[in-house]
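Each of the two complexes below includes subunit A, the first together with subunit B, the second together with subunit C.
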Partner chain A sequence: MPKKYHINSKVTPLNLDYVFKFNIERGENCINCGKCTKVCIYEAHKRRKDDPRKMADPNTVVCRNCFRCIQECPRGALEKSLDKDFLNIGGSYWKSDIFITLWKQAEDGKVPVTGAGYRGPFTGSGFDGMWTDMSEIVRPTRDGIHGREYINTSVELGRKLNHLTFDEKGKLLSKVHDTVDIPIPIIFDLPPDNLSPNVKAALVKAAVELNTCIVLPAGDIASDRKKYIKNIIPLISHKEIDKHQGLIKNTRIVAIEYADELLSNFPAAKDKIKKISNALTIIRIPATKSVETIVSKLTQNGAEIIHIVADYRGREVNGSTDYNRRLLKDIIRAVHLKLIDDRIRDEVTIIASGGIAMAEHVPKAMICGADLTAVDLPLLIALGARLYEEPEKLLIIPEGLEKIPVRTLTQRIINLMGAWHSQLLEVMGAMGIREARRLRGESGRAIFFEEIDNDTFGKLFKKRETVNV
Partner chain B sequence: MKPPSAVKIKKMPSRFKHQVAKYKVTRSNTCINCGTCAKSCPYGVHERVEGHNRVRPPINYKCIGFECQNNDFYCVAKCPRKALSLSLNPMYETLGDYRWTADMITATWIMAETGYPPERKDLEYNIGNSGGGFDKLRFKFPPGRPKIDKLEISTEITLNRRNDGRANIVISTPVYGGGMSFGSVSLPTMLSKARNATIWNTFTCTGEGGYPEMLQPYDHNVITQVATGLFGVREETIQRVRIVEFKYAQGAKPGLGGHLLGEKNTESVARMREAVQGTSLFSPFPFHSVYSIEDHKKHIDWIKEINPQALVSVKVSTPNDVDMVAVGSYYAGAHIIHIDGGYGGTGAAPDIAKKNIAMPIEYAIIKVHNFLKEEGAREAMTLIASGGIRTAHDLAKAICLGADGAVIGTAELVSLECVRCGNCESGRGCARGIASTDSELSALFGEEWATQRLVNMYHAWNVQLVEILQKFGMRSVRELVGRTDLLEHIDYSAPR
Partner chain C sequence: MKLAEEFKKIAGDIKIIDKDEEKEMYSHDMGDVPTIMTKILFQIQPDFVVQPKNAEEIKKVLAFATEKKIPVIPRGAASWGFGGVIPTNAGIVIDLSPFRKILYLNKAQKTITVEAGARWSDIDILAKKEGLCLMTYPSSKFSTVAGWIATGGYGINSFRYGHLSNQIDSMTVITPSGQSKKLNPSDPEFNYFVSTEGEFGIIVEVNLKLRDVPQASYSHLFYFESDKEAFMFIEKIIKAGQADALKPNAIRFLDENHLNDINEIMHSKVFKKSAGVLMEFSSSEEDKKFSTIIGQSGNLEEAPRYVASYLWNERLFGMKTKRLGPSILSSESIIPIGSAAGFIEKAKKLGANFGVEIFIDSQIIDTKMALIMTNYLCDSRKFKYYIDLPLAMMLIKTAVSMGAEPYGLGIWNAGFFNYLYDSEKKQKLLAYKAKVDPNNIMNPGKFFGIKSKFFNIPAVVFRPSIFSFSIKILILLSPVIGKIAILLMGKDKKIDSLDFELTTHACAKCGNCIAVCPAYLVTGNEALTAKGKIALAKKIIEGKNVTQEEVENVFMCMHCKACEEICQTNLELMMLWDALEKRIEGKFGRPEDKIDEFLKEVDVSKDYWEMVERNN
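== the complex of A and B ==
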C-alpha cells in the first residue's frame, strides 16, 4: 500500500475585506436596551467601546441568520437583508455562496458541514444536473473517511498500453510508456499574468507541497523557480521546442498549445521533445464544438495527454455568445465516449478544466470521463479574489494582497485543496470506490437528471397522454 | 376523519415578540402624527400612544400586505399626507431557501400556531421553489363538488402487512416523526415529539443515540433505532418498543456514517451511548457485520427473536439500486422499508453530500414501489418515504407516487420555529434552542408549548390531506397509494 497522502491544513485567516451574506441595520428607534447583545450567541451586537451606553454598529460578518435579535428586540429596531455586495458578486455560474464557502475552506481547510437539509434547487445545468451514487448494504467495505481504510486519490498521467505483447519465451516485447503519478486528480492551471510575485510564488509553492503540478507560460518561469521545475508544466508553442530546450530537459511534463498542424505532425514534435528528455507532452486544446474529433485524431497520432479547456464558466468555446454551448459535463462525456468508440480511451489521459469551481466538480468531471481536472480561479479566490460575470468577466485581486507573506498565501491554497481532497474522499467513500482512477467514466455510478427524470416522470406522464389519445 | 380523541387544538403563538415580516410599511417624515393609520388598520400595525408626539414605528409582521389595497381601511390610501408606503420586506429574502421557501416556513408557523392551514391568500406554501420533483407535480382534481363527507374519510394506515402474526399496528395519520438522537436535539424537542406521537397515535424515533429514560412513558409510540454504531442498543430497549428500525444510511449523508464530536459527548450522552465521555463517536458505514442480504436477515431475525411482537423497519438512503435493497429487505423479513432521499434533513452533514450524493426521494419512491410490485412483494411491505417531505401536499404526492406514508423531521422542527439557518452543530448548537443541549439554549421553550405546536401542525396537515382525498372522492388514504394517474408534471403532461 502506498504511503498515505495527507494534506496539512492549518487555520490561516486573511484579514481582507470579504463579502458577507447578511446585512443588519439598527434603526433610530433603538433604545439601547441590550437585549440583542444577550440573544445573539454569535456576538454580532456589542456596546460601543467609547460610550457603553450606546450600541455599536452590528458586526454583520458574524451573523448566522438565526433571526433572534430581529424577533426579540423590544422595538423591532433591527432590520436584516441580503447584502448588496453578496448579491452582486459572481453571476449565474459562480454563485455568491461559492465564494463564501471557498473562502472558508481556504481559511480552515475543512469540509464544509452544516445542519438542516439541502437548500438549493432540485437540479441545475452542467454538473448540477447529476448526483453521485452510493453503496447501500450488499457491497464490500468502504470506510475511507475516518482513516480506517485508505482511499487512494492518485492518478497517472501518460499513455497506457491497450495490451501487452510477449515473445515465445514470455519476454515482454511492448515498451511500457513513462507515466507521472500525482497524488490528487487536480493540477493548477495557468494563472493570469498580472499577479504579484508573492501570489505567483505561492501558487508554485503550494503545487510543490501538494506534490502536484502547475501549468505556467514558459516565458514566465523565472530562474529562481527552476528548483521547482519538477512541479512546473511549462506551456510552449510547438514551434518553440528548440528555444525551450533548457526547461524541457529538467521538467517531467511539457504542455504545447494546440494548432491544426499538430493533427499531422504531432509525432515529429513529440520526438523532438523525447530527444531532449523523457518529459511527457500535454496538448492543450480549447473545448470547441468538434473537440472530440480532434482529441480522437490526436490520440491516434500518438498524443499521450490532452488538456481540454472550457471557458471560465465551463462552457464550450466557439466564439459565439449563445447559451446553447455545451457544458463541461457534456463535453467530457462526448470526448470519453468518442475515445471508447474508437477503442483508444486508455491510450490518452484527459485533463478537463474551465469552470471547476467546487470540490464536487472534481469527482463529477472524472465520472463523466476525465482522468483529472485542472483548477484556476478557485486558487485565487482562496486568496480573497472576487469574480464578477456581468457585464463581462472581471477578476478583482484584493488590495494589499501583494504585501501578504508567501507562506500565508501558500497555506491558504493548501487548505483549499485539503478541503477538496477530503470532500473527494467523502464522495468516493460513499460510492465505495477506493481508487480515484476507477472513478473515470463510471457514469453508471452517477444519476443524471435528464435520464432519470425522463425515465420516471417523462415516461409516466407522456405515456398516459398517448394512451388517452 | 375524526382525529384521535387526545388531539385538542389550541392556539399556541410564537414564543418571540416579533414574527418575521413579509411586508414592510414605511412612514416618511411627512407624517404629522394625526393617528389616522392607527385608527384605520384593524391589525394593529400602527400604534399611536397618547402623549407621545410620534406614532410608533409600524409593526410590520402584522400587516397583511398588498391584498389590503382593496380594503377601505387601507392605510396607505387613508393617510392624509401620503406618508405611508407598502413594500416587500427585504428581510423576508433572508428567510428560507429554494426548498423551504419563506412562505412555506411562515405557513408552517401559522399551522403550528392555529392547527389549520393559513387563511392568508398571499402565501404559496404547498410547493417550494426548487424547480423539480414535488415542486413540479400537481394534482389533477376532478371537477364537481365533493360527495363524501370529510368525517367519513380515513387517514389510517397499517404498518404490518406481512400477516405474520405480529402486532398489527395502525397509525391514525400516515406520518411519523423521524429519528433525532439524544444529544442532537434538546430535551423539550425530543419529549414533545414523543408526546405528539402519543396524542396522534403515531410514532417518533429515538435516532441512534440510545433510549433516554424520559421516553419510557411513551414506549408505545417510540421506534428505537439500531444504527451502525450500535450505541446504547440493548435487549431491554428492543423489548420495550413496538417497532425497531435498522438504520443503514441517512439521505442527507448517505454512505458516510455518523459522527458525534467529542465535545458533544457529554456525561449524559456518553452514559446513554455506553461510551467514554469526551471521545468522538463514529458510526461507521455500513454495518460491518452486514455484507449480504443473508447477513441482513440474521440481524432482523435477531431482533425478532428478542422481541416476538416487534415490527422491523429498515431505513436506507436512495442509491441507484435502492429498489434491490428494498426487495432484499422484504426477503430478509422486514415489515417497513423506509427510504430516505438525498435532500433530507440532518443535524450535521457535509454540504457536498447533501447536494450531490444519492437521488431525490421522488424518483426512489416510484422505483421501489414498482420493483416491489414486479417482485410480488408490494402487498406485504409498508413503504415509507422521507427526506424532502415538507408539506401535506408533498405527503399526498409521495403517496400517489407509491409510498404508504412518510416520515418528517424538518417540518416538525420548523413548527418549533426552526428557521433552517443550518447552525445546529456549530458551537453551542441551535440559537433557537431546538437542536441544542446547551443548558441555557435548551431552556428557551417548554415541552407544553412545543407539544401543542406539533399537535397543531399534524392537525393542519391532516386537514389538508383529508381535503385532497375528499376532492378525489376517496374514503381512505390507502386508495391514493400509487395513483400517479392523479398527478401531472408541468414539464411533461400536456396542458389540459
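== the complex of A and C ==
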C-alpha cells in the first residue's frame, strides 16, 4: 500500500478587503447584557477590549449564519442582512456563496459549514443538477475519511492499453506507455498573465508541495522556476517544439495548443517530442460544439491526454452569446460516451476544466467521464480575488496582494486543496469507492435531476405543454 | 461609628452601610429641600444603614435600637418628598428597597404575596403573565409596596377601586418590640399601619388583591374654558355614572398650565391650552355607555383619541415637566370636589404673588373628594428658592382653610397634623404609640411633631398653632413679600435645554431608575444607580471633595440605558455618564480590575439574567 497522501493545512488568515456574507448590526437598544457572547459559538460577538462593559461591533467574518444571536437577544437589538457587496459579487454561475466558501477553505483548510439549514432548492443547472450516491455513508465499518480505511485519490495520466499481447514464450509484446501519477485528480491551469511575481511563485510552489502540476505558458517560465520543472507543464504551440527543446527535455508533461492541422499531423508532433524526452503530451482543446468528434479523432491518431477547456462559467465555447450552450457536465458526458462508443476510452486521459468552482465539482466532473480536472479561478479566489460576471468578466485582485509573502499565499492554496481533498474523500467514502480512477464515468452512481424529472413527470407535463402549444 | 461597630458584632450577615459618602444617599429623599436647611434643623446623617434580607434580621435591628434607644427610620424607594425617610436625629435607616421579592401569586384567589420592598411595576409585569393586574397603583410605579402603604394610598384607578387599604388582603408588620403581627383589614390595629409613615412599626410582607387584566383601554380627554367648568363636568359625570352604574377607572384633571408645559417639552402643540379632564374605561360596553351619556350633555370639546391615549399612557411620568425647572415644588391635599376650582383659583393667585406659575394635577379619588397636587417650577440653585419654598406650605394652608386635608405629613407638613386628625383620633394614635413604641424609636421627630437640634428651638416654628399662624401671616403678606422678591430676583423662567449641570438639578430623584438598574440589582448599592451618580456629579460640579472609592462607583454600569428609558424627566443620561466617566478617568484613573470584577459578578447573578429576560 502506498504511503497515505496527506495535505498539511495551517490556519492562514489574510487581512485583505474581504466581502462578508452578512451584516450584523447592533441596534441602539442593545443593553450590553452579553447574552450574544454566550450563545455565539463562533465568537462573532465579544465585549469591547477598551471597555468591556460595552459590546464590540459584531465580527461578521466568522458568522456562519446560525441565527442564534438574533433569536436569543432579549431586546431584539441585533439585525442581520445580506451584505450588499456580497450580493453583487460573482454572478449567475459564480454565486456569491462560493466566494465565502472558498475564502473560508483557504483560511483554515477545513470544510466549512453554512449555518442554519439550507433553504434553497436541491437542484439547479450544471453540476447542481447532479446528486452523488451516498448509499455507503452509514456503513458501520467506516471510521471516517481519515481513518484506517485507505481511500486513494491518485490518478494516472497517459495512455493505457486495451489489452496486453504476449508471444508464444510468454514475453510481453505490447509496449507499455509511460504514465505520470499525481496524488489528487486536480492540476492547476493556466493563470492569467497579469499576476504579480509572488502570486505566480506561490502557484508553482503549491503545485510542487501538493505533488501535482501547473500549466504555464512556455514563455513565462523564468529560469529560477526551472528547478520545479517536473511539476510544470509548459504550454507551447505545436510549431514551437524545437524552440522549447530545453524545457521539454526536463519536464514530465508538455501541453500543446490545439490547431486543426493537428488532426492529421499529431503523430509527427508527438514523435518530435518523444525524440527530445519521454514527456507526455497534452492537447489543449477548447470545448466547442463538435469537441467530442475532434477528441475521438485525435485519440485515434494517438493522443495520450486531452484537456477540454470550457469557458469560465463551464459553458461551451462557440463564439455565440446564446444561453443554449452545453455545460461542462454535458460536454464531458458527450466526450466520454463518444469515446466508449468508439471503444477507445482507455486510450486517452481526459482533463476537464472551466467552471470548476467548488470541491464537489471535481468528483462530479469525474463521474461524468473526466479522468481529472484542472482548476484556475478558485486558486486566485483563495488569495482574496473577486470575480464579477456582469456586465463582463472582471477579475479583481485585492490591493496589496503583491506585498504578501509567498509562503502565506502558498499555504492558502494548499489549504484550499486540502479542503477539496477532504471533500473528495468524503464523497468517495460515502459512495464506497476507494480508488479515484474508479469514479470516472460512474454515472450510474449519480442521479441526474433532469433525467429523473423527465422519467417521473415528463409524460404528464410534456404532453400538456404540447397540447398548450 | 461606634454604634455601627457595636452592631457589627451581633449583626451576623446583615448588610451594613456605614461609610460617610455612602450614607449620604440616605440623608435625603425626593424633596428638593436644600441640605443646608435640613442640616441646620436636624441630624440627617444616619449612624448607619442596614439592608435586611428577612424578618429575623429586621427584628435584630429593632432589638438593637430598642436597647440603645436610637431612632429607626424605615425607607423604601424614597420617592415621597415630605421627609418621611429623612433621619431627624441620626439612628438606623432600614433600607427595605432591596427586600423586594415577589413571593407567591395565588391565581385562584387573585392575590399576590410580596416583600415590603417589592416594586409595583414588577408585580404588575409578573401578574400580567397570569392574566391579572394591579387595582390602584401609585403614579410612581417604581416605588415600593410598603412605602406607598405607609405614605399614600390614593393614585391611578382610585376612583374605581378606592383607597389602597381596600386592596390589602392582609399584611405582616413588626412592632418595635419585635413582635410580628399578621393583620387583615377587619383587625382594629390594621389602620394604625396605613398612611402612618412608619410611626408604629415596619411592614414586612403584604398580600395584595389583584384584578383580571381588562380587555382594552378607552381614554377620553375633554377641554374646558375654565377650571370651574371642568370640575362641574366631573361632578355631573359622577352623578350620571351613579345613576347608570358606570364608573371610570380614573378621572384626572389637568389645568391649562400643565397641558401647556407638556406641549413645551415636546416642542409641539399636541394639547389645547385649556383645562382638561381625562377619563379611562376598560371595556367597550362601558365606553359605549359613557358615549351615550356624553352624547346627551352636548357641546363638549373632546381631544382626538390619540391625544387622550398619549396622556393616559404618560400617567406614570407626572414629573416630566420638571426639566423646565429644573426644580419642582409641590403640595398635595385632598379637597371636596365642589371646592376644588375655588382652591385652584386662590392657589394660582398666591403663586402669581411670588412670580411662579402654579400648575395642577388632580386625581378624583371618590365621588366626593379630589386629590390635588399644586406644583410650580423653580430653581433650587437660586436664592429665590428660599422664598419659593414656604409657598408650598402656604398652598396647603389655603387648602385646609377651605376644608381640605393634607395628604401626608412627614417633616414639612407635620404642622398640619390637626387638620388630618381631630383630637379624638390624635389621642388614640398617641395611646397606641405609647403602647407599641414606648421608647419612641420608630421614625421620631416628625408626623406627631418636629424635634430638632439646639434643644428643639427651631422646631417651634413647626408647632401646629404657631405654624398655622405664621403661614397665615405669610399668605397675608405675600403680595408684598412676593413683589419685593420678584423685584430683587426676577420671576422663575422656564428652561429650554439642559446642560450637564442643569441635568443634575432636573433629576426628580423619583427612583424609577433604581427599580430598573441591573447594577443595583446585583450589588444593592444605590450609589451605582443613576440617582446616585447624579448626586455624585452634582458634588463634583459644585467642587466638593470626593473620594477615590466614591468615584469608582460611576464605572460599575452596564450601559444598558434602562435608566435613560425610564427617566421621568427624559434626561440624556447616557451622555452624562460618558462625560462623567471621562472627567473622573482623567483625575482618578480607570479601575479596570474593579470593572472586570463587577462584570463577573453581574454575569454569574441569576437575578440579573432574570431581569434581562423579564424585560423581553
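Keep in mind that, in the parts below, the second predicted complex is superposed on the first by the 386 of 469 C-alpha atoms of A that agree within 3 Å, B and C clash if a C-alpha of one lies under 4 Å from a C-alpha of the other, contacts with A are read in each partner's own complex, and residues count from 1 in each chain.
Definition applied: contacts are C-beta pairs under 8 Å (C-beta built on N, C-alpha and C of every residue); 3 or more make two chains touch, one makes a residue touch a chain.
Please read all numbers here as calculations on a predicted model, not as lab measurements.
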item: First (subunit B), second (subunit C), both or neither touched by A:Glu450; value: neither
item: Touched partner set for A:Asp57, first subunit B, second subunit C, both or neither; value: neither
item: First (subunit B), second (subunit C), both or neither touched by A:Pro74; value: both
item: First (subunit B), second (subunit C), both or neither touched by A:Glu402; value: neither
item: Subunit A: partner with more touched residues, subunit B or subunit C; value: B
item: Contacts of A:Ala430 with subunit B and subunit C, given as first, second, both or neither; value: first
item: Subunit B versus subunit C as contact partner of A:Met134, first or second or both or neither; value: first
item: Touching partner for A:Asn29 - first (subunit B), second (subunit C), both, neither; value: both
item: Touching partner for A:Asp341 - first (subunit B), second (subunit C), both, neither; value: neither
item: Subunit B and subunit C contact sites that coincide on subunit A, given as residue numbers; value: 29, 74-75
item: Subunit B residues within the subunit A interface of the complex; value: 14, 16-20, 57, 59-60, 90-91, 93-95, 97-100, 129-133, 135-136, 248-249, 252, 254-257, 259, 282, 284-288, 290-293, 296, 316-317, 319-322, 324-325, 328, 342-360, 362-363, 366-367, 387-388, 410, 418-428, 430-432, 435, 441, 484-485, 487-489, 491-494
item: Of all residues in subunit A, those that touch subunit C in their complex; value: 29, 31-35, 47, 52-54, 74-75
item: Subunit A - residues contacting subunit B, complex; value: 22, 27, 29, 39-42, 64-68, 70-77, 79-82, 101, 111-123, 131-138, 140-143, 145-146, 148, 358-360, 364, 423, 426-427, 429-432, 444-445, 447, 449, 452-453, 456-458, 460-462, 464-465
item: Complex contact set, residues of subunit C against subunit A; value: 518, 555, 557-562, 595-596, 599, 603, 612-613, 615-616
